[in-house]
Structures are given as structure tokens and as C-alpha cells.
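Here is the structure we will look at, set down as C-alpha cells.
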Amino acid sequence: MNNALPRNLVAEIVARALAEDLGGRGDVTTLATVPAEAAGRFRLVSRQHGVLSGVEAATETFCQVDPAIEVDWLEGDGDVLEPGRIVAELDGPAASILTAERTALNFLGRLSGIATLTRRFVDAVAGTNAGIAHTRKTTPGLRALELQAVVAGGGVRHRFGLDDAILVKDNHVAMAGSVGEAVRRARAYAGHMLRVAAEVDDLEQLDEALGAGADSVLLDNFDTADLRQAVMRSRGRGVTLEASGNVSLETVGAIAATGVDVISVGALTHSAACLDLGLDEHVS
Amino acid sequence: MNNALPRNLVAEIVARALAEDLGGRGDVTTLATVPAEAAGRFRLVSRQHGVLSGVEAATETFCQVDPAIEVDWLEGDGDVLEPGRIVAELDGPAASILTAERTALNFLGRLSGIATLTRRFVDAVAGTNAGIAHTRKTTPGLRALELQAVVAGGGVRHRFGLDDAILVKDNHVAMAGSVGEAVRRARAYAGHMLRVAAEVDDLEQLDEALGAGADSVLLDNFDTADLRQAVMRSRGRGVTLEASGNVSLETVGAIAATGVDVISVGALTHSAACLDLGLDEHVS
Amino acid sequence: MNNALPRNLVAEIVARALAEDLGGRGDVTTLATVPAEAAGRFRLVSRQHGVLSGVEAATETFCQVDPAIEVDWLEGDGDVLEPGRIVAELDGPAASILTAERTALNFLGRLSGIATLTRRFVDAVAGTNAGIAHTRKTTPGLRALELQAVVAGGGVRHRFGLDDAILVKDNHVAMAGSVGEAVRRARAYAGHMLRVAAEVDDLEQLDEALGAGADSVLLDNFDTADLRQAVMRSRGRGVTLEASGNVSLETVGAIAATGVDVISVGALTHSAACLDLGLDEHVS
Amino acid sequence: MNNALPRNLVAEIVARALAEDLGGRGDVTTLATVPAEAAGRFRLVSRQHGVLSGVEAATETFCQVDPAIEVDWLEGDGDVLEPGRIVAELDGPAASILTAERTALNFLGRLSGIATLTRRFVDAVAGTNAGIAHTRKTTPGLRALELQAVVAGGGVRHRFGLDDAILVKDNHVAMAGSVGEAVRRARAYAGHMLRVAAEVDDLEQLDEALGAGADSVLLDNFDTADLRQAVMRSRGRGVTLEASGNVSLETVGAIAATGVDVISVGALTHSAACLDLGLDEHVS
Amino acid sequence: MNNALPRNLVAEIVARALAEDLGGRGDVTTLATVPAEAAGRFRLVSRQHGVLSGVEAATETFCQVDPAIEVDWLEGDGDVLEPGRIVAELDGPAASILTAERTALNFLGRLSGIATLTRRFVDAVAGTNAGIAHTRKTTPGLRALELQAVVAGGGVRHRFGLDDAILVKDNHVAMAGSVGEAVRRARAYAGHMLRVAAEVDDLEQLDEALGAGADSVLLDNFDTADLRQAVMRSRGRGVTLEASGNVSLETVGAIAATGVDVISVGALTHSAACLDLGLDEHVS
Amino acid sequence: MNNALPRNLVAEIVARALAEDLGGRGDVTTLATVPAEAAGRFRLVSRQHGVLSGVEAATETFCQVDPAIEVDWLEGDGDVLEPGRIVAELDGPAASILTAERTALNFLGRLSGIATLTRRFVDAVAGTNAGIAHTRKTTPGLRALELQAVVAGGGVRHRFGLDDAILVKDNHVAMAGSVGEAVRRARAYAGHMLRVAAEVDDLEQLDEALGAGADSVLLDNFDTADLRQAVMRSRGRGVTLEASGNVSLETVGAIAATGVDVISVGALTHSAACLDLGLDEHVS
């Protein structure tokens, strides 16, 4: 599945990251110690088991620092890595490669960390029909890349942001008076190209949301018995059921076994540890 | 200690985060379900133990969405939170507060997560003189805020980026021929206002770095016996010793006990889990 | 219905418009002829029948030129205007008001022109259930404001851009081999929060699209007999039917009478004439 | 005549247009349905009679989406088109071409619409010396491209914005006390490189403006008798006479026949309908 | 004469200047040494004779750093300063004032330096009709402010940049074949709202330029005898004569005495020394 | 020594400079007079003695205007120029070269002026150990390029801005109570990667600063006798001594002879005259 991002979008994120690291003088260490004319060959190597993501951002980073850097990727987004696996080979001005190193690794480490954690959740629900979805609990400014990483890890897409789908949550319900009323208002507003989802706290609210015409219902903090009930009640109504709330690698399998369609996991983006990758000089 | 960031810098980061979430239509859920004129009172509440950070960014988020939102902070950056602690009270147009909620929480959650993890490392070295420092393994585009969070958690500052201090690492040493030569080049380049630090792999390289005039030496992956040796050898030479490499909450105490001045911990920023905070409606 | 746009978004569009008009020296005519300290009272007056839109952008324009300008709106987005109707009263530094005049009027004229044309189409389908929707044939850089104007005129929303809904068109069908295959691929890609629409050229393709699970079908250039057929065939299948292609004020009523749900009209944004509004000095 | 725009300026306008359409996920329809490796050949075809404009912006659009797209223009800005005329041939990754399609067409349609309407006015004054000029009633953010389109249609340039020429209008006259006084202030302010034009409502004001040294006089809403009077009175005084106000294709010929030098027409940019162009797959 | 610049333009220049100085951590010296809550009163004092300019940029600088800073200007753009003259009084958070100090002084020093040098040239031509004009030899990125400073010093405006007037120079003449041909092409291109100026090297070229209809002629490196000849030859032809080339304070008086209308002086902006102003604590 | 700046940083500064000069229409003179297809060969020639700087910015300027321009540099940053020396040869579209000319020359002239003045100060201290350093009295927005020019002229680097080193000045001392207290606070704040410098007014304050642990002391307005005293007192304490205040080409030699390490000279950047360079057509 084609998972590429708009080029300008990636370029802009990378430009900001480089500006932050290079400041007004650039990489003074490399300027001081590495001759401008020295060529270098390096290898991007994984130091852990995991799933790769961030290839577009890393490529763009090397290119913005110096278009003379050649990057040859041996692995792509979504590929499984083990310790020692060579991910890419780099050839070009050594000074430029060292200057770009940390920023490129910061993208790869964070995004591969997200892909890796996603894959673990996906593996934990293997054999069920449940998809593992991201939430909006992403790093400010990096959402596009982080959702790309979730997909690289085998996850499924949720709404991107506040403006591309309607998701009625508890505070909206409070302001509208009831789940049913909130969904009806949403339905009227949505037109024919926006989905309407509603978060519910119990089976009663589920019935109300279904009655009001929600396309999708998010079952928040339901126990597995209630999840099963929810699945039964909405069977054949063309509605998507999503479970959420305190989902962990320990609990996700049982949740998936209830028959829900989607399980959304905030931790995918808000609490994934970076995957450790490094840049080694390549003495051929 | 005053830890404020430049206003324009925070404003720019927040503007990008909001643009990402609001797209071209804004918060369609809230527009559909919450009357424009409805006022609301909400409370930002911690749901975990931790240390707060991100107050500037969260304040700016609410302000950019709607200057009519009033935010009253009961806790500040660096304050310790426990589950249920009210962090802030918000008053204003309910629609605006709900629109800003997730972005504000994304800042607070990530930055408080970093502050919280930093505090745990700081506590683990209590009674020693070692400072806990960040690295450059930060989220692209958020470094300023993340380093602020490290300081809020009790950590100490390292260099901000590539251009404000010299840090000779293994790849620079390889290109320059030796640690000594690399430090000498750095020294000549640095002028009188840039520090020169060098990463070394063993005690021999330490001696070489000291002889060449490094201000600070980063002892990479030394065992505690070698760290103690390093401390003894450099005593009275006016140099800062920094330990790094696979530092964990389990090992950091023993590392600190060797007498090193600083311990740098990549995990502070690259692998901290978010702190869980939420927005509750406040029925007074 | 709340139709407000994100503040930062409007501010950025207005800032670009002002930069374009003011260049590096500003309004040299006003600087030359109007004393800086002169106060002025002006009225924004409609010179035609129409529907107002652009109030947010115009307000922001005056505010960016000079926050001392007070704008008191007597009419709001969606209100019907006739010649001579006073839309707003302005009070403040005369020089600033004159400097902002043209840019504010350019926003109001264009957006009110769109709202006005939309209203004429909406009126022409009165008594049917058909909504009048915009397309993506908008002015580059102004889409958010132009879609707001369509809604102000009584129109309904379509997808905002390429990334918030799937709409399979003829060229996609050609690349995928068939409508059915294209819709299946789209369905698999979409996840549970993106709608899948497909454009079809005849009733056979309609059946194929319905069979593959499209949420919405766009009936392109169907005559009214085929539209009626389409409505009958898809009854009870929970799918939205949209008519498009060469829709005019003359034909739209008959199209709506076929029972389609939505009629999309490119002309709303690509060919609306501006509504004429002017700024008159107000001698009280 | 060379009519090219600064490259950075066009690039910036196109980048904004693409960002608006592509959002944070890009063209999800094409990503879902078109294989990344599929090549495509397409033709840009005119579906109406008209005059082409927008070649620079459309080229830049395809290039920003994917530099691998090759665009071969068979027609250029200012060329006359008829239905079915092939304007350009495109070769390259099919997915990229489809992603860029709408944005490129939006530029071409709007700008060609302006060039086309301009040409109709220009043709209507054939045989006279009157030039057809644009006004500042342009689309916010697109002025540079729209004025380029006016020139492509055979029109003549007026001032670009508020800062590159002085144009005294009624509200300035009101603040300065009289046309004469306003022109004198303008003259003193202008220096030797800015033109001074003045708008007048009657022949008396014309005399006043001429006496005060205006370089150009804009005769607002004069009937043809008064226009002829104005031409006679200002003969030999080295002043440019411009007619404006409610100029239509019906009236413009008679206005031009009075001998005025320039006729400015707001409708060129504020009310031109788009020219219909389309992208067809090219099966060779 | 009103000499104000567009607010957004000044804000953008100031934002860049502050970003450059504050980097990712802000003013670490002040953060370390000045308590956040300390109030301060300071005076902006001139340490030299000169003419003030830069008030808008300096005000904006203080405001962007901290809106709580109150600035009370005792002198304005164009006012004459002597050593010790208090230019402004500042009240507010001491830390904020110190952080803004250098950037504000950099604007004031550079712009006042330009205003001061301009005033010296203006004084040197007192009693003649010659205006002292700037050129385009300005600091990249600061042209708007620098031209404002020239006007503050009593100078007159030339064209702002390449797009707001035509100035045919030697290289254009070389490409067009002759001054006459270049001016004719320019005349045809210009329309009625752009001035056409031509640079000439001798009296023959002057005649050619006048014959071709130049509005203004720039006499480059003419000696005073030839300047007088030029003034005589063009008398009564409604053309502006401008002298340029190696104009110094020693020579400018004699040049002005020849009767030329304008003398353009690159040194005003490319070689003015800064005026020395300082910020003193104010112990009342 | 490698003195290159980050590519994106230079690109952004150049883009702003071009936008300022080209406005919304570009170089109307060249568009009018030079055929688009004409090729040209030009030479960048120095008209004065001096030291070159600005090669990166000038190259980027030509490239942004038109990538088809080929620039062949015969001299590089830091090279000594005399009148008539050919600095670069340019080949490409004549129109593009002329459009870029002034902006490129503005960068080269200003930056070479700074390099030239720096070299004069450096030559004046030949035979001593004193380095000539810049200050923060730079042109807003151009600091990175101006400091590069100082280094090209043989100068040494000081801190870049407020955030990369601590420099306690008189106003900080006043707020902290004493030099010693201010330095102690700074020391505590600095961590191990930021230098702490302090400005002192007399020998007593010098002792206080040394006692508090300053890395560097800035001796402000000391006479040479006191400078010598300061050098003696701080011998062997590992501290850098910097002299500043009213340093001129006449006095700098005597100051350097006192044995101070660094002499900082604001005039390098705030008062250097531009170096005169020009673009000549090259008739081969």
C-alpha cells in the first residue's frame, strides 16, 4: 500500500529540525575537525529488533544538508530489523554526513519506535479482525510522520485531526445534553463526506448513538463482557465498533477477541520508546 | 531559576501544532455540537504521579485558539503532581476550550513525561554531585521545550545543538586521526566563548584529550572502575567529566558514585512515556 | 450552525493579502494625503442584492492594519443584502481605514459573490431534499474561506481536499481497471473514518460501485431519466447519490426533482461574480 | 514581451495551494487506487474558446508534486484556444500527475478565464488607442498571477498595489479638502519616481487635478460626452486620461472612441468565469 | 509627513532579528542573573550628535519580547539628537528590557546612522533645489526600514526596488543596442503608472534618452560643467535630472549648484556608520 | 578552516532579499529591455583594495533567480582583492544575471566591507597574541553572514547571540548586586557546556569576577596601564582577558601589546563601509 507523504510537507518538517540543530553557525565540531574535501562512507545500522519507519524524512534530511550525499536504502518503511542489520549505506562528503547524522537518526529512531510498538500490538491481535488504530495523542508538529509510522507498523488510520471526521466525546455530550442529541447535531452538520463517530461510556449510550445514526461508536473503557454485548447489539447495523481506554499489550488480545472492529491505542504515539539506530563508518 | 523561553519561539511551535490539528475547517465536532455562545468551566487534572512541564506551551495554545479563554494555573513547571491534582482551571467559551484541549494536553503530557523521568534519574543520584543532563536525542522541532522540561525535572543543560559548543565524537576522531588532533583542531577553531568537549572510549584517550586541552570529557560506556580511574586522573585539572552510554535507573546511582560531574541520558527525551493529564468539566 | 474558521488560518491568509497590497512602503496615497491623526467614520454598504460572507476575513484585515479600528457589524455571514443596506460601521484612524479598504472589500466581494450564487442554486431546488455542494474548483489559497461562503449561502459541505475523503474518479478507474476494483482498493485503504465515494458514468458502473461498497456515488453527466433510475436502484442501500456535471440554474431544479441527495456545482466557486460593496464616508 | 514572474514568488503561491489540497495525508484516493510505479501519459485539453494563462504556475505545481513529471507545453500564455485544443502533454508517474491535476487546473482555469475576458474587452476597443487595464480588485494572494493573466490577454498594467504609485480617490479628497490639495500633497510626497494619479467625478475636478500637476486622471463614471470634453481639455498637457466605472463589453467601445488613453475594468479580475480545461488520459 | 511602515512588515523583520539573537534558549545571562519579578526603569540615551530613526522597529522589539514593557518616546524619527539626550524611557520587567536591549539598539543605531548621514548631505545642499535620494544599495532584508531612515534624515525617495519603476542602466543599454532603443522598449512596457528613467554617460546619450521619452535621466559621473549643460538642454521638457556617481560631502554642494533636481547617494545606506545609543539604568 | 554556513540558512536570507527587490512584478526594466533568450557573459570585478566575503550568499542569489546561471569564482572568501581584480565570471541568460546583480552585489559589498575592516584591525595587532573579535552589534537578520565575514577577514568568534554563552554586563551586575554575585548565579545556571564571561569596569571588579569563577573577563574601557595590571593579575588562572570599548585602528596596537587575549570591536560590523564591486559585461 502506498504510504508516501506530500514532498513539501516532509521538506518543511525537516527544514525546521535542521534549523533547530544547526543554529546560526552550523556544526562547529565538524567544521573544526573534518576537512571539507574528505569523502566518507557510512552505514546506518539497527542496534535493536524492530520495524523501520522514517525513510522519507531521513532521506530529506541528508539531501537538505548536502545534495551530494548519496543514500542507498537496503530496508524500507515497514521492514523488520534485527540488531546489526544494515539499513542504508551513505556515500558523500564526510562532513555533511556527520552534520546530518543526529537529525536523521532522531527521525528514524522515533518513527521506528512507533512502528515497532504498533507491530507488537498488531501481532497481539493476530487471528482476530480487529485493526490497531492511532489516536490524536501525537507529538505536536509530527503527526503526519507519526501516523505514517503507525501504518508502517501494520496499524490502521483513524481521523487525522479535528477537521476531517466528527468524533463526539464526553465533553461534547455534556454540552449538547445527551449522546443522541450530539450525534443528531453532528449528522446534520456533517454532510455526506464526513463520518460521524461517538464515544460512549455504557451500553445505554451505545443504543442512543446507534439510534441517532452514528457511523462508528467508540466504546470507552468497556470491560470485555460489555464489549461482547456491544458487538451483539450492533450486528448488521453497518456500524464500526471501536474499543479504547487503557489498552495494553496484556489486554489487547482479549479485547480483540470480543469482535470489535478497531482498537485505538494512544500509547502507539505518546509513549513509544525510540528504536536505537546508529551511524558507523564503513571501512571497505 | 528562571527557565522561560522566548515568546515568539513558543508561539511558532504552538501555531504549527494547531494548524496540524485544525486543518482547513477547524474542530467540526465542536462546531456541530456546542453552541458558540456557551460558556464552560473546566479543570486540567493530573491522572498520575509526576512532574509538571509545558505550562508556557499550553497557555499559548489556549490563547491562540481564543484569547477569551482564561487559564489559572495552580501548579507550575517543576511542581510534583499526584493523581487527581488540579493543575489549572479554565474559564471561557466552551467550544474554544474543547478545540484547544488535545493540543494543549499533547504538550503537557509529553513535556511532563520528560520532566517526570528526569526527576526519577535525579532522585536516583541524590547525595552525589552528579548532574543529570539531556542529549540531542530530542523530538525534531521540539528541542527547546523538551530541554525546558529536563530542567523542570531537575536536570542540567548540555549543549543545545551543533552550533553552541564543540563535542568531538568517534567519527570526528576517525576523520582527524586521533582524539588529540581532533581536540587541537577544535581548540584552534573554538575561540574563547565555545567549550570543547571530547568523547573518549578508554583511559588512554582520556589522557590524550586532557593533554590537548579539552574543557570537558565524555566517558562513553566506561565501567565504574574505569570511571573512578578517570575521576582520579583528571582531579585538579579543571575539566568536567561526563559519563554516558546505556545509563538506566538501575545503574545511574553507581555511576554517580564514581564522582563524575555529569551523566547524560538520552532516554530523558527519546523514550519518556507521556504523563496522563485530562480535562474535566467543572460543575461548581 | 457555527461556521467559524480557525483564527490563525484567517490571520495568515489576511497577512498575505495585505503584504501583497502594501509592499515595502505601504499606502503612499494615504500617507501623502491623510493626516495621521485624522479620525474617520465610514460605512460598509452593499450596492447589490446578495448574501453576505467574509466577515471574519474583513474584520481581521482591519485589525491587522490597525487594532484601533472599531468595526461594528450590522449584518453577518449568511444575511441577505439589498442595495443600500449598511453592512458595518467603522470608526477609527481614517488613514488606517482607507489603507485596509480594498483588501477588506476584495474578501467581502468575492466571498459574498460565492454565497450569493450558492443561495440562488439553493433557492432553485427549494422543496426538494437535494443539497447544493461545492467542489474542489476553488481559488488556490482561499479554499477555507470559499467553502465557508458556500455554507453561508445555504450550501452543504463536500470533502475539503484530497486527504479527508476518498473520491474515485475516471482516471483512477482507468488505472485500477474498473470502478469495482478501484472502490475495493479504496475501501481497504480507507479505514473506518474516511468515506469512499466513486464517480460513475452510467448505471452499470453505479451497480459496480454499489456492489464494491461505496458510501457515496457521484453520477457524472447523467440525464434526468438515468438519475431517476439511479435513485430507484440505490434506494435502501444507505448510499448517498450525488449529481454533477454542467449543472446550471436552469437545470438544477429538474435534477433535484429526481431525488438525488446532493448536487455539486463547480460554478459556485470557480465562476461567481463578485458582489459589489463599497466604503462610504459617514457624515453623521 | 517578457511577462515572467519571479520564480520564488510563483513557488510560494503554488506551495500554499498544494498544502491546502494535500493536508497531512496527501491524495488518499490516488494512494489507494494507483500503483506507485505506474507510468501515465496525459493531455491537458481546452474544452472552451479562450486565451491561455497560468503556464508558470501549472508547471511549478507539477514540479513540486514530483520533479519526475515532464510537461511539454504546446501552447503558451496569451495563445488562443478552441475546444479540443491540446495545451500540454504530460509524462511521468501517473499517481503524481493525478495528485497535481486539480491544483494545476485551478490555476489554469482561473487565469485563463481572466486572460479570456481581457481579450474580449481588448477586441471590443480594437481600432482605438485605448488600453484595457486591470484594477486592484484581485483575488487576495493571487494578484501577481492575475495581472500576468491580464497582460497575457492583451491588457495593460496599472499600479500593482498601494505602494508603487499614488492614486488619489474620493475618500482621500474628502480628507484633504479638495482634489487640488490632495494632488499637491501627493506631488510633494511622491518624489521623482512615483506617478500621481487622481480620480475625479466631473470636469471641474479634472481642471483642478490638472492644475495641481497630476500625471494621470481617472475619470470616474463620466458619460461619453464628458469624456470627450475631458479629452479635449487635457490635450497637449502630457497627462494620461483613464476612464472607469461600470464598464461593460457593451459600453467599452463607445468609451474608447472618446479618445481616452486607458479604460480600467474591475471585472477582468473580480468577475471572470473560469476557462474549462481538463486532463485526459492519453492512449497513444 | 507621514512616514509609517505597514505593521506586519515591521513585525516580521523584528521577529527574525529576535529569533537570531535568542536562539532556542533565550537570554541565558539575564535568566541566570535577573529575578523574573524584578522591575526596572531604563533610559535610552544618545551618546552622539545625530538624527533619530528606527522608533517603530525598536518599539516593536520591546513589545515582542514582552508586551508588559512600556516605552515612552521623548524623541521621534527625524529629531536631532546630541550626546546625553534622553530618547526614550522604559518601564517594565527588567529581565525583558535587558533581553530586548541589543536588538532594539541595533535597529536604532543603524537606522539613526543612515538618517544622520542623510541629514549631512541634505545640509550640504541647503539653498539649492536638489533632493538627496537613496539608491538600492541597501542591506538585504532591511530596505523598507533604511529608506524610512533616509526620509527621516530629510532625503527623498527613489524607486523602492526592481518592480516599481523602470531604470535603464548601462547593461540594459548594451543588450538593447542603444539608450534610445532601451527607453523606447521601456516606454512601451511601462503603461501609464510606471516612470521610466535612464542612466546616461554623456550629453549625447542624454539627448537620445530625452528624444525617446524618458521621464527622468540619471547623469552618471558627469562633471559639473556637463551637469550644467544637461540642465540647460533639458529645461522645459518636464524631465527630472538626477546626478549620481562618487558623490561625497565635499562634492555634493557643487553638484547641487548645477541645478540638477536629485542627487542619489549610495553611501547613505551602504556606508553609514551606526549612531551610538545606549541603555542606562534609571535611578530616580 | 572551514567556514561554511548551513545551506537552508543562506537560502532563507537570500529569498527574503530577492523578495524585497523583486516585489510582485519582478525586474520590469530587464523584462522590458532584454530579450528573454539573450545570453550574456559578465565579470564580477573589484573596484577597491579589500578582502572578499559573501561568496555563498552571492552564489545562492544567482541560483535562486535562475539555476541556469553559471558562476565561476576566481577568488574565495578571505582572499585579498585589488582594484580591477576579477572575482568571478558569469555565464547564462543575460536577463537573469542583470536581475540578480544588485542583490548579489549588496551581499558581497557589505560582507567584503566587514572582512576588509577586520583585516585592517588584524594587521594592526600583528606580532601580538591578541585576536580581533566581533560583537553582537550586527545588522538585524544578517548576523550569521556578518560573523562569517569577520572570520574571513582573520577575526575570531565571540558568542553568536544571547543563548550560546553567558556574558554578564553592567546592567546584570546592577540587578544582581555585584559582579561576584552575578557570576556566581551565572556559574550555577550555566552547566558544563556554556562559558561564563563578565564585563568589569576596574581592577577590583576583575578580582571579584575571577574569584567567582568567570571563564573570561571583558575589561571595558580600561587604559593600557590597567590592562597590563589585569594581565599580570590573571596570569596562570586559565582565564581569557578581553579588552573592549572605543577601540580604533589607532589604539588597537597598543591595547594588543598589553597582552590581552582578545579585543572585541563593534565597528567591524556596525560601521564598516561597503567594498565597491561591480558587474561588467564581458566581451571576449
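General remarks:
Going in written order, the chains are labelled A, B, C, D, E and F, and every chain counts its residues from 1.
Simple rule for what comes next: a residue touches a chain if its C-beta (ideal position, glycine included) is under 8 Å from a C-beta of that chain, and two chains touch if they have at least 3 such contacts.
A quick note: this is a predicted structure, and the numbers were derived from the prediction, not measured.
The chains touching chain A as well as chain F are B, C, D, E. Common neighbours of chain E and chain F, listed by label, are A, B, C, D. Counting C-beta pairs in contact across B-E and across A-B shows that the higher total falls to A-B. Per-chain Cα centroids separate chain D from chain F by 44 Å.
If you average the CA atoms of chain A and of chain E, the two centres end up 52 Å from each other.
Contact of a single residue of chain E with at least two other chains is seen at positions 1, 20, 22-26, 30-32, 34-35, 143-144, 157, 160-161, 163-165, 188-190, 194. A complete topology is adopted by the chain contact network, contact being made between every pair of chains.
Interface residues of chain B facing chain C in the complex, by the touch rule stated above, are 15, 18-19, 22-26, 30-32, 34-36, 64-66, 95.
Chain F makes touch with chain E in their complex at residues 13-14, 16-17, 20-35, 38, 40, 42, 57, 94, 98-99, 101-103, 105-107, 109-110, 113, 136-144, 160-169, 171-172, 174-176, 182, 185-186, 188-190, 194, 267, 270-271, 273-274, 279, 281. Per the touch definition, chain B reaches chain D in the complex via residues 20, 23-24.
Across the complex, chain D is touched by residues 1-9, 143-144, 147, 157, 160-161, 164 of chain A.
By the touch criterion stated above, chain C contacts chain A in their complex at residues 1, 131, 133, 156-160, 163-165, 188-195, 197, 215-216, 238, 240, 242, 261-262.
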